[in-house]
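Take a look at the structures listed below.
Shared chain: chain A. Partners: chain B in the first complex, chain C in the second.
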Partner chain A sequence: MEGTLTSCSPAVNPNIEKPEDMVKTGVLARFQNFLRKCLIAVISYGPMPNHIAFIMDGNRRYAKCRSIQQGAGHRVGFFALIANLLYCYEMGVKYMTVYAFSIDNFKRDPKEVQSLMQLMEEKINELLEKQSVIDKLNCKVNFWGNLELLCEPVRLAAQKLMASTAGNTGPVLSVCMPYNSTSEIVNAVSEVYAERREMLQREHDGDCNGQAVNNGVHPEISVADLDRHMYSAGCPDPDIVIRTSGETRLSNFLLWQTTFSHLQNPDALWPDFSFRHLVWSVLQYQRAYPYLEQNRNLAKKQL
Partner chain B sequence: MYISRLYIYMFPRAYITQNWQHIHHLGLSRNTTRLPCLDRMAGKQNDLAEALVRSGLRAELMPQHVALVLDGNRRWAQARGFTTPEGHEAGGVALRKIVELSCAFGIRAVTVFGFSQENFRRPQASSHSSIRSMISVLTEEVDYIMELIERLIRDNMDLFMREEIQVHVVGDPSRRPASLQDAAREAEEMTRSHSRYHLILAICYSGRWDIVQACRELATKVQDKLLRPDDIDESMLAGHLATNVLGDQLGCPDLLIRTSGELRLSNFLLWQSAYSELYFTDTLWPDFGEDEYIKALKAFQSRERRFGQRKVM
Partner chain C sequence: MSRPAIILKLILGLLWVIIHLTISLFNLWSLLIYNLQCYLISSGLLRKYQYLHLDRLNYLAIVVDSKEAKNTVKIRQLLSWLSTMGVKHICLYDIEGVLKRSFEPFMNGSKDEKARESLDIGASMNHSHYGYKNMVIDCLSGSDGKEGIAKAADLLCSTYFNGETHGNGKKEPKFTEADMASALKAVGCGGPEPDLLLMYGPARCHLGFPAWRLRYTEIMHMGPLKSMKYGAIVKALYNFSQKYQNYGKLLGFSTLNCSPAKSMNSF
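Moving on to the complex of A and B:
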């Protein structure tokens, strides 16, 4: 990708309307791009993460700090999301997951929830347009979570975006919305039961027809079964989990998948999370990498 | 007796020491003066309040359930030129101290991650001699740790009885040696009636194993037609997890402390730590004493917990 990448400065202008407006041209931008590429080439000498997960915390605090309207904090957060998606793409990080909305967040003030839903609908529809950032990167977008809980327009937009990008082969962006790790696990459990029931039913029918489908021994439910039914099936586990704004909690995000992930909690608020923060995260990951690999090799995923 | 009480109130520092022998002349029995902080005197409530005030903590913000990941024994031993078993022994001593402190601070439940399923995984057998020697070393270490845990359970029975701690041992029972199983069962039976404090020892435990075994239990119930698959929800699954022995209120840890600078969860209390505050420290486990613990608790008390919602102003 030449020169058309963003050079998003840490203080994002909250008046920008579309993500495409972040693209700047000019000598300074080209120089910044060149520097960025050099830096990425240098850190690529070490092990690079394949999957980074972000808990995008701090939008409201950002809005309060900068004395802008509450809703605008989330808008700025969205631009930071696109910027980080582009940086990850440049670095060669294939998978990126973000925690956009939790099922617990529905308990917030209804007006705030409403404005968040409107924002999401608007942004998803923008991304659906041709020539959007997603198109340029050939990015595949997944929505993980219990989509039934969303209101109709948002759900339809999300499903449309998933369908239109299903065949893309570029970086994979997984948006967790609305998501709770505990409900993901319960969902996987009920799907495993449904699968087992079908299997038993087929066997029963097979027996009735006089054929034994197998000798009647059923393997017990295992980790692999649950893995297959998680929303993240097919996606590798996150290598790094970054929670911005300094809080050290997982808040019910990817509990099952983050066993060996490196947890980081930089103090920067999400809209402030820029390229230098990302580089620092990767460097910390590279520092801890030998130990992480050793533990991963010693452990097996199956029980 | 009254004169000795007066002595205690006038010179409290005499009790803040592990060496209790110099106060033998007061005629107090051994068991009542083991603790480093001001406890075991008349009026438990006053002692608790005093202990908290001295350490700068607030009683109402104290976590109800603390989970500890004991990491760093081996590195501690290497740094000091001790052998690995000695490192683990030092870890055991530190653990006893932290359990005593938790009781003194009024923390109702402590879960300790002693040994995970992953530790049992040895590298694949290969003809390489270094791998084989590594395997044998790991096997020995695993056996030693099992034996140490059994010894810890038996030796600390006096603490459990004195502080009314109910002991639970969770984890995959098929992977534990028989003697450890017996010791665990005995400890659980002897402390069954206690309800003030709870200590959960997670041995051969893994978060994923826990969820899968809860899943299997529910599957048998569904098969026996005791429940329908649609009835299964989060609270039902949570009710079948191994840490359910603590009930709903105490089931999830409020604070999870991981020592020795590791920034990972390592498959411990996956489900239950959904909303726990995580505290990571670079101190190695045998060095994790009262000061570090108070620092961790202070960090916990300064955090704003929202559980996904906004704090109502």
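Moving on to the complex of A and C:
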């Protein structure tokens, strides 16, 4: 598992002690990198996704299967996240979204939730460091979700990372935590309501100043109004949604944004999801692309 | 573009075509095996598929690509098969509303009040609803999806705006998911969440199925409608009956199965 990760980028390579191992790993890594670049060049001949969303399922099963602690499964899952971020970057996939923590997951054992929160805080702080992978890729990080539900240290770390990467122009990583699609929709409705209320208030003030005003009726709320207030506003809809571990449901993830997304459910557990799985996923997407694109264009015309 | 660049592009293109041709051959082989399995299931030779336990399947959704949905003969055959298997409540969906229009003539015939009440569906639901051999069928379209949510949002906001106009306090309302669910019911876009969704079309895609009803639905892609098979539906329903959902709760480790194909513990 570590071997496949180390070949992808020096940033995730652990320190190597023996010089002969370093030479061997260096040569092998360079050859693997070359092969990877060739394969990417070939598959890039066809249509490439602009946005891939991942439901990172299978960390606990991974830990169970390898008889390691549950927390360790989530840690390996984090390595897989960084590895896949790098692969997506190499493939030219500009947007990557991951379902890190669902609002429903707060129902889990409090010890597990606490250890997950600690892991998130630790990893976000690592990413804040100067030489982290986020810095190297000039990656912009978003946190989509109801951040008020997070404990203060995690929330502050997330807000700090968002602020420090706000001006970055490289790939965009959106981390959904804690997130629910239905909660996102309700949040958008609340924001549209606040916006309309403010508009009405301004019109009422205008009326007091003798200016013409309508009769206080607000215009109907449209799909476009809600689109503007989704956490994903400004980000294109996902082209592919991948749920690892073979599960076939979306579990309240991006239900609004995935009308024409290609839904995939590979059997691999998330920590095992590697470059070859991603290539296979893109190839499947390329085969479905004509149909998906046709439907998207039809939907746009009807608007 | 220089000559070497053109040659390189041609080589890449050729390799790309070869990769996809190889995948097509692999898919053809998989399809043959799948069709053989469906035939064996239909003829009752595979014992484990003979008795379907549909107690967990309260509501089944069928999403069809709108072009394929025009084939009403196939749709009726599909409904007939599902009725034979004992499925009691079905929702048909296609984004353009072809199914709603096709089945509309039957809508005014039998409005089964009892079935509607038993599922706690609001009286003002405007979906096509009719009975088909002891099976209750709802028809939805794209207008029940995002547009339905926008209508519900409008209703919710109007209620609060009116409340403020009549001096009922200027507190910022805190909308909840329950408020949205009630608003969706009021505008006729409520309804139960399907346990299983079968998708008939060229690609695995939910095509805008109403978001509020898709949260924890198992989604299975069945391929094009024109090549639908009885055995494939039996297999899908059997696979569904083997699944387990924990809705985010922690299970004891003793129930875990390390084979990814039979994953039991989940999100």
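Note that in this section the second predicted complex is superposed on the first by the 270 of 303 C-alpha atoms of A that agree within 3 Å, B and C clash if a C-alpha of one lies under 4 Å from a C-alpha of the other, contacts with A are read in each partner's own complex, and residues count from 1 in each chain.
The criterion applied here is as follows: contacts are C-beta pairs under 8 Å (C-beta built on N, C-alpha and C of every residue); 3 or more make two chains touch, one makes a residue touch a chain.
Because the structure is predicted, anything quoted here is derived from the model rather than measured.
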{"item": "Clash or fit (per the criteria above) of chain B with chain C on chain A", "value": "clash"}
{"item": "Partner chain in contact with A:182 - chain B first, chain C second, else both or neither", "value": "both"}
{"item": "Contacts of A:107 with chain B and chain C, given as first, second, both or neither", "value": "both"}
{"item": "First (chain B), second (chain C), both or neither touched by A:68", "value": "neither"}
{"item": "Greater residue coverage of chain A in the superposed arrangement, chain B or chain C", "value": "C"}
{"item": "Which superposed partner A:147 touches (first chain B, second chain C, both, neither)", "value": "neither"}
{"item": "Chain B versus chain C as contact partner of A:119, first or second or both or neither", "value": "neither"}
{"item": "Partner chain in contact with A:286 - chain B first, chain C second, else both or neither", "value": "second"}
{"item": "Contacts of A:263 with chain B and chain C, given as first, second, both or neither", "value": "both"}
{"item": "Which of chain B and chain C A:128 touches, first, second, both or neither", "value": "neither"}
{"item": "Which superposed partner A:162 touches (first chain B, second chain C, both, neither)", "value": "neither"}
{"item": "Colliding region between chain C and chain B, picked from 9-17, 81-89 or 135-143 after the shared-chain fit", "value": "81-89"}
{"item": "Shared chain A contacts, counted only where both chain B and chain C touch the same residue", "value": "60, 102, 104-105, 107-109, 112, 181-183, 185-186, 189-190, 192-194, 196-197, 220-223, 226, 247-252, 255-256, 258-264, 288, 291-292, 295, 299"}
{"item": "Residue numbers on chain A that touch chain C, as the complex places them", "value": "41-46, 55, 57-58, 60-61, 64-65, 99, 102, 104-109, 112, 181-183, 185-186, 188-190, 192-194, 196-197, 200, 216, 218, 220-223, 225-226, 245-252, 255-256, 258-264, 267-269, 283, 286-288, 291-292, 295, 299"}
{"item": "Chain B-facing residues of chain A, complex", "value": "60, 102-105, 107-109, 112, 181-183, 185-186, 189-190, 192-194, 196-197, 220-223, 226, 247-252, 255-256, 258-264, 288, 291-292, 295, 297-300, 303"}
{"item": "Sites on chain B touched by chain A in the complex", "value": "117-118, 121-123, 206-209, 211-212, 215-216, 218-219, 222, 229-230, 232-234, 237-238, 262-267, 270-271, 273-280, 303, 305, 307-310"}
{"item": "In the complex, chain C residues that touch chain A", "value": "9, 12-13, 15-16, 19-20, 23, 95, 145-147, 149-150, 153-154, 156-158, 160-161, 164-165, 172-177, 179-180, 201-208, 211-212, 214-221, 243, 245, 247-250, 253, 256, 258, 260-261, 263, 265-267"}
